[in-house]
Amino acid sequence: MKTWRYLLCSAALVLQGSVGLVAHAAVAPAALQALAGDDPDARMQAVSDIAAQADDDAARVLHALKNETLYATPDGKVFIVDGGSAVDAASGKAVTAPATLDGIVVNNRLRGAVDAALSGLALLSPQRAERLAAARSLQGSEPDAAQTALLRKAAAAETDAEIAALLRQLTATADLRAADTATRRDAALALAGSTDPAVRRTLQAMLAPAGSGGEPDAAVRAAARAALDAIDSRAARTEFIGNLFYGISLGSVLLLAALGLAITFGLMGIINMAHGELLMIGAYTTYGCQALFRHYLPGAVDWYLAAALPASFIVAALAGMALERTVIRWLYGRPLETLLATWGISLMLMQLVRTLFGAQNVEVANPAWMSGGVTVLGTLVLPYNRIAIIAFAFLVVGAVWLVLTRTRLGLFVRAVMQNRRMADCVGVPTGRIDMMTFGLGSGIAGLGGAALSQLGNVGPDLGQAYIIDSFMVVVLGGVGQLAGTVIAALGLGEVNKLLEPVAGAVLAKIAILVFIIVFIQRRPQGLFALKGRSVE
Amino acid sequence: TDTIKVGILHSLSGTMAISETSLKDVALMTIDEINAKGGVLGKKLEPVVVDPASNWPLFAEKARQLIANDKVAAVFGCWTSVSRKSVLPVFKELNGLLFYPVQYEGEELEKNVFYTGAAPNQQAIPAVEYLMSKEGGGAKRFVLLGTDYVYPRTTNKILRAYLKSKGVKDSDIDEAYTPFGHADYQTIVANIKKFAAGGKTAVISTINGDSNVPFYKELGNAGLKATDVPVVAFSVGEEELRGVDTKPLVGHLAAWNYFQSVKNPVNTEFIKKWKAYATAKKLPNAGGAVTNDPMEATYVGIHMWAQAVEKAKSTDTDKVIAAMGGQTFQSPSGFTLTMDATNHHLHKPVMIGEIKGDGQFSVVWKTKAPLRAQPWSPFIKGNEGKQSM
Amino acid sequence: MLQVEQINQYYGAAHTLRGVSLAVEQGQCVALLGRNGVGKTTLLKCLMGVLPVARGAVSFNGRDITHWRPHQRAAAGIAYVPQGREIFARLTVEENLLMGMAVLPRREAAAIRDDVFELFPVLKDMLQRRGGDLSGGQQQQLAIARALLAKPRLIIFDEPTEGIQPSIIKDIGRVIRLLRGHGDIGILLCEQYFDFARELADRFVVLSRGEVVAAGPQSEMDGEHVRRHLAV
Amino acid sequence: MNGNVMFSRPAWIALAVVAAAAAALPVLHLAFPPGHALHVSAYAMGLCGKFMCYALAALALDLVWGYTGILSLGHGLFFALGAYAHGMYLMRAIGRDGVYQSDLPDFMVFLDWSAFPWYWAGTGSFWYCMALAILVPGVLAFVFGYFAFRSRIKGVYFSIITQAMTYAFMLLFFRNDTGFGGNNGFTDFKRILGHSVTAPETRAVLYLATLACLVGALLLCRWIAASKLGRVLQAVRDAESRLMFIGYDPLRFKLFVWTLSAMLCGVAGALYVPQVGIINPSEMSPANSIEIVIWAAVGGRGTLIGPILGAFTVNGLKSWFTAAFPDLWLFALGLLFILVTLFMQKGILGLWKRKEKTAAAAVPAAPAPTTEKEAA
Amino acid sequence: MNSVVKREGLDTAHGVILYLDDVTVSFDGFRALNKLNLEIEVGELRCIIGPNGAGKTTMMDVITGKTRPTSGSAYFGQTMDLARMSEHQIAGAGIGRKFQRPTVFEQHTVFENLELAIRMDKGVRRTLFARLDSAQRDRMADVLRLVRLHGQENRPAGLLSHGQKQWLEIGMLLMQEPQLLLLDEPVAGMSDAETARTAELLNELRGRHSIVVVEHDMGFVAEIAQQGKVTVLHEGSVLAQGRMDQVQADDKVIEVYLGR
């Protein structure tokens, strides 16, 4: 309710074209003092008062409040402090900040009010995106009939179809309380297209028995029921599509985690327990790039990934090549020993990272363009970082596939892995190929790590979280089968995500493991097993 | 001997190192601080650090080693409840002394242990009360989300009983658990969203350890804002937030008994000392050193023990236990904390903080005075007779 | 072109090659004979660099290659048809053949020369089959084709006729004769099929218990002391 | 390799000496008061007892891995199941001395359960639980093995599904609703067969029982390895298909050792739990199973004595390192694993054996195609 | 060598020990065997020749259970349907096989290789308690001499040369005392003298076992086939069958196999 009041007073002002008229009025010190005070209700009122002013100064103060740059002295003088410079909020003049400043605390209640006020201001903004965001942010709360007129006005003034539709839905919600049954029925029908959860609640309330606050008119009830069914079936569809998306997304994460292993283990036969740590190296390299950008190129910090991807590939590949030359090359032909040695390497790498970066996680932030998500089908938010990772996973798979099947290097790699001695005899420098293959696998693990850093932890244990899943994926797909790895990763992702809503995360995970065990019974050589004599 | 040995039993490797390493460091700092002031009973404290490596049987082995072989006067350590459970028999058998600095589920009271972290009534219940208040957003529906182990399960059991007593229906409570290390919160976040469509909803998170980062990242990117669906966490502090970009998380909450952002001279001093220590010892990432609740609890615990030893004029376990009761300490939380003589828990203030963009918390609510712990929650059946403890 | 001087080899404590010397000249085919287990394969492996030699020297076209890696020898122009075929089992026949051209520059290695298909037509039909799925004899043919594709200066054959049908043995004989006819290729042929070897060889070397016990021109090959060393 | 003699004479003597020395520990523990030069502390004895349990698990693993070539990444599960079985008895034996003074274990009271679930029936009996400790891992291994071996799952495929199995069990046991105490598992035991678990005499007896089981298992394994069956097992490892063509059914042989090995692991777990005082699901974590493999590899697989040595060495070093260099010990341990692999191909035991007979070194590293088989 | 012990279950009432009836094996559409019909009589020594890739090895794979026929049936005696038996059951029923590529237990000694092959109950319990009796020891000594590996019995088989492994495999086959021996290219990689020895050995075994030999060495085939039947396989079915001299004179055989 409150939200609405702020919105509507500011919107009303804007509608009257008063913005220009009241420009440059200072913000009332009394309101500011209340804002800096302790009384929650007074503070809410202060936000409301400031919002009512609906001018740039007010907007600046509200923005500052939201962005934690609003400070107050103990006696209630309020300043906007941005970096080194301070502005007296009451006068709008630049001043030197007093020493006694303390940040004004915002809690969620206040923040909600500020957001709504700012949305109100934005509803008539010339920027479409701002208006859209404002209209969206209004969903979820219920307007009363008296406020509907204003919304109608805004809707009428609106030129953009999507925003207009949103606003119309908001007015329809209000119409549900109209005295006229026809209006109520039309409104209910109009709401069938709504994706606003509040609408569903309202409709459901209408279906309560007439005596306990439900809708008395049968036709309106039927309309409400129809609208509700439409909403529910759309919701179910959306949910299913959402689960599919989550499955692909989880699958692409598994794929990125496992792809490097598909090379070092699948092709080369090294039971690479340090694979997880190569992922970790990639992630820490990403962290390092981010830190460098923050320090040296703060303006371009959103593009740190552009440097981090090649860097994590190179760093992990170099680390991998170093391991190959020092340890692993002595173990070809003794695959089980590689388990022991790489386990040792894994312990050392984890401890190394703990010593260098600390045992705690480090922060890797999504670049701005990867934060948030796109809303589809009304309610389904597909986070940008997930979409980016899906696309990235397929890109990497494609590249690896091309290298392995379409280049001479790829042919040599496969030949060396099958029969190292004979490959040597036909003139392939096996040592170099080994090193490059392991480097490639490690580099891809590094890329995987860079991608994973966008979703989860970057810490010394990062690798441990993925190593088991990675092995499962590679083995399920069939060792040495790139296509198998891809299918296995996506398949496991999907199965997991379709089970999870039914069984819960724990049981879904157990079910997946049982599934793997049973599946391998049916296909003892993995999904994409080779058949025939050549396997023996 | 001219030193008094004390044991530090925190995992420095394995999954729990992420949380426990800084407790080891803060313990060492505190010991340095005490030594700089002349030590205890005129003797210097000598820390014995071991690494139980997040392995519970190893905790028991190391505890025995500290008490029996190294003859330490007290042990400061453990984080997870299971690690505490695994060392308890050893402390009982050898009559050792353990200071446990982490919030936990209660349902325990051991003579040989002093609990300097919160019991459920000193953290969880006030947090939920706050969420239900007007100021906290007036939540009507609750998602209890946790890592699948005893602390979250117990806490949620207590909270469910508490919510019921406040008239919240079972259908308005959703309880979900994820395995340790769970990293994919897409479905969970989608479910929260769906559940939240049914009315004003708050999420109470007892997710522990590594899962928090993916959870919060998913939350941020899926567009669930704190103003819509606030999440209050009991295991996320300043240290955990170091691994997260908090800008999308502004407004989500945590309940603790201490925040780094608390303003008082003791805390200012504490933070300063810690930062200086981190720099001097070249701890990794010293530039970003932060303090948090379990660190404060460790700090308080060691000081109180030192005071008790001075009072008892001995490091003898029984004498120290006797002297611990009623010890007070001016803590960085801004309150003077008292050790309860009967239940071995600290009286602690409760604070609720909202996450800020810089990874700190702004305290939006706190108790006026420290609360006494109720290790035996009255919301669990069968504990009725234990309320005097 | 190939000069082997006094090489010795040990498997652990077992002295397998004892001071073996031999030479293969350009355009010449040398047959290496001996009973089972006398060390023929071991010798060839030493020449290819698969096994290290303990003492002695191997030189090729005047260069000392004793310590070269196999791929360096391959690059220098030595091709090897090993005993046991050593096909890349999971590569297709085509890929196996392409591997044969690993030493050639990329440009030359793009396509497989037709002459090998003339020699072993069956391979042409089976280009997309996996090497490991072929029958034993087909694999042997593939191994020989693979070696020929490298345009070698010296070919080392370890029992190339093993498991091959008679008509193709004849073909292989023709190929070897053809190669010899080129005049610039050396051939070292280890063979149990005595008649086959005798027909092709210019010279022979008989090994027994790791030692050269007889050597000489082809004309002496039927001699009593040679036969004695081959008898059981 | 060959021979119907189980041990050479010096080996018998060495075994007897080591066993006697080990048996002396508890005597010294009981006979001399703390502070006496000859006193063995409870800590030292406990450590040694714990290591012997680990050694038994490593020995069991060696039977399937070293001899039969089946790399199990799930032996930690069998170990933990044995431990849980015994743990059930120990929980029951607490009686009403728990926090809630109920006949039910505390965690069940806490879950508001009013009676034992069916699978706890009979667990008040020590011998029944001992039987469970052997049978549960045995039956699980038998069923799992039967299907896996029948489907001819081999190599890493087998390893990974054993890993999936232990991981699934770990998640299952973490659930409180499963009825095994969830994350906390079982702990705070009070007594065993009426004797306090913390009494020095009880500890000594447990220790001796462990020693006896270890020696017994070693002799059993040694006997099997030296029999013709042992050679069949090695043949399974090296050329399973060839074995079928001379008339052996590899399924039965694999199933036999696999099940036996799981049961030995169960025994190890059952002995472990009263000595360390806790069993919880993290013992089922895949990393624990990998560690068992590592003990066997470090000691020298396929040697039986090697895994025992390996378990002692790795765990001994770990115990020492974690106290002596708490910040750096993983470097040392990691390095140890790498060095052992690179320079001691046959593990620690290999060092000693190499001296013994240089001729053995003549056995070449398996040629490339064979190794592919192993890898695939 | 002692005569073959009659095995339970094997019914050779019609004097035929092996029937292949319209056996087809196809790999992804390629027919390695194409409606192959073959009968081997009890005590017969049958030579099978044919071009590389004719399907000889595949045929042995079918008989020993390694490959299942796509269609058609294979019977051992009158009653044993080989398509329904597993590899070890087939071996236990009395079919022994030497592979084209020598396959022995490389990590075991020569002695152990033979010991493993000995004919006996190959169940787990019997194997665990098995002890060599003196008759068995004698037999092993005989076989060792026969395959000329005496003095090598304590060497790991992996260290043998190619030809020696061939011999060892034959030795294992003899220890198994099968009723039907399948020998896939037994003299590949053997010198002429050794080939002659092998021929002698097979001639000695003739009559006591039923034997199927696949070889490309025509001299050897001629020597062991004597007046018996030689079958020529081509593209998965029988191209020709008859005495050695008949077959060698057959135009089609010359065309596809012998060459001109």
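The letters A, B, C, D and E name the chains in turn, as written, and every chain counts its residues from 1.
Going forward, a residue touches a chain if its C-beta (ideal position, glycine included) is under 8 Å from a C-beta of that chain, and two chains touch if they have at least 3 such contacts.
For reference, the UniProt names are A = Urea ABC transporter permease subunit UrtB; C = Urea ABC transporter ATP-binding subunit UrtE; D = Urea ABC transporter permease subunit UrtC; E = Urea ABC transporter ATP-binding protein UrtD.
Just so it is clear, the model here is predicted, and its values are computed rather than measured.
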*Shortest walk length in steps over touching chains, chain B through to chain C*: 2
*Which chain lies at the heart of the structure, taking centres as C-alpha averages?*
D
_Let me spell it out: compute each chain's centre from its C-alpha atoms, then which one is farthest from chain D's centre?_
C
*Where the centres are mean C-alpha positions, what is the separation of chain B from chain E, in Å?*
74
_Distance from chain D to chain B - Cα centre to Cα centre, in angstrom_ = 36
*Which integer distance in Å separates the CA centroid of chain C from that of chain E?*
30
*What parts of chain A, by residue number, touch at least two of the other chains?*
350-351, 355, 418-419, 421-422, 464, 480, 506, 509, 532, 535-536
*Find every residue in chain D that makes contact with two or more other chains and list them.*
171, 174-175, 241, 327, 330, 362-364, 366
*Provide the list of chain C residues touching at least two other chains, using ranges where the numbers run on.*
11, 133
_Show me the residue ranges of chain C that touch chain A in the complex, using the header's touch definition._
48-50, 69-71, 74-75, 79-80, 82, 86-91, 95, 98-100, 102-103, 106, 109, 130-133, 146, 150
*Tell me, which parts of chain E touch chain D in their complex?*
64, 66, 86-89, 91-92, 96-97, 103-109, 111-112, 115-117, 122-124, 127-131, 154, 156, 158-159, 172, 176
*For chain C, which residues are in contact with chain E within the complex?*
11, 33-38, 41, 83-84, 122, 129, 133-138, 140-141, 159, 162-171, 192-194, 230-232
_Residue ranges of chain A touching chain D (in the complex, touch as defined)_ = 269, 271, 273, 327, 330-341, 343-348, 350-352, 355, 418-422, 464, 468, 471-472, 475, 479-480, 506, 509-510, 513-514, 516-517, 520-522, 524-526, 535-536
*Partner chain C, residues of chain A touching it in the complex*: 408, 411-412, 414-415, 418-419, 421-431, 480, 530, 532-536
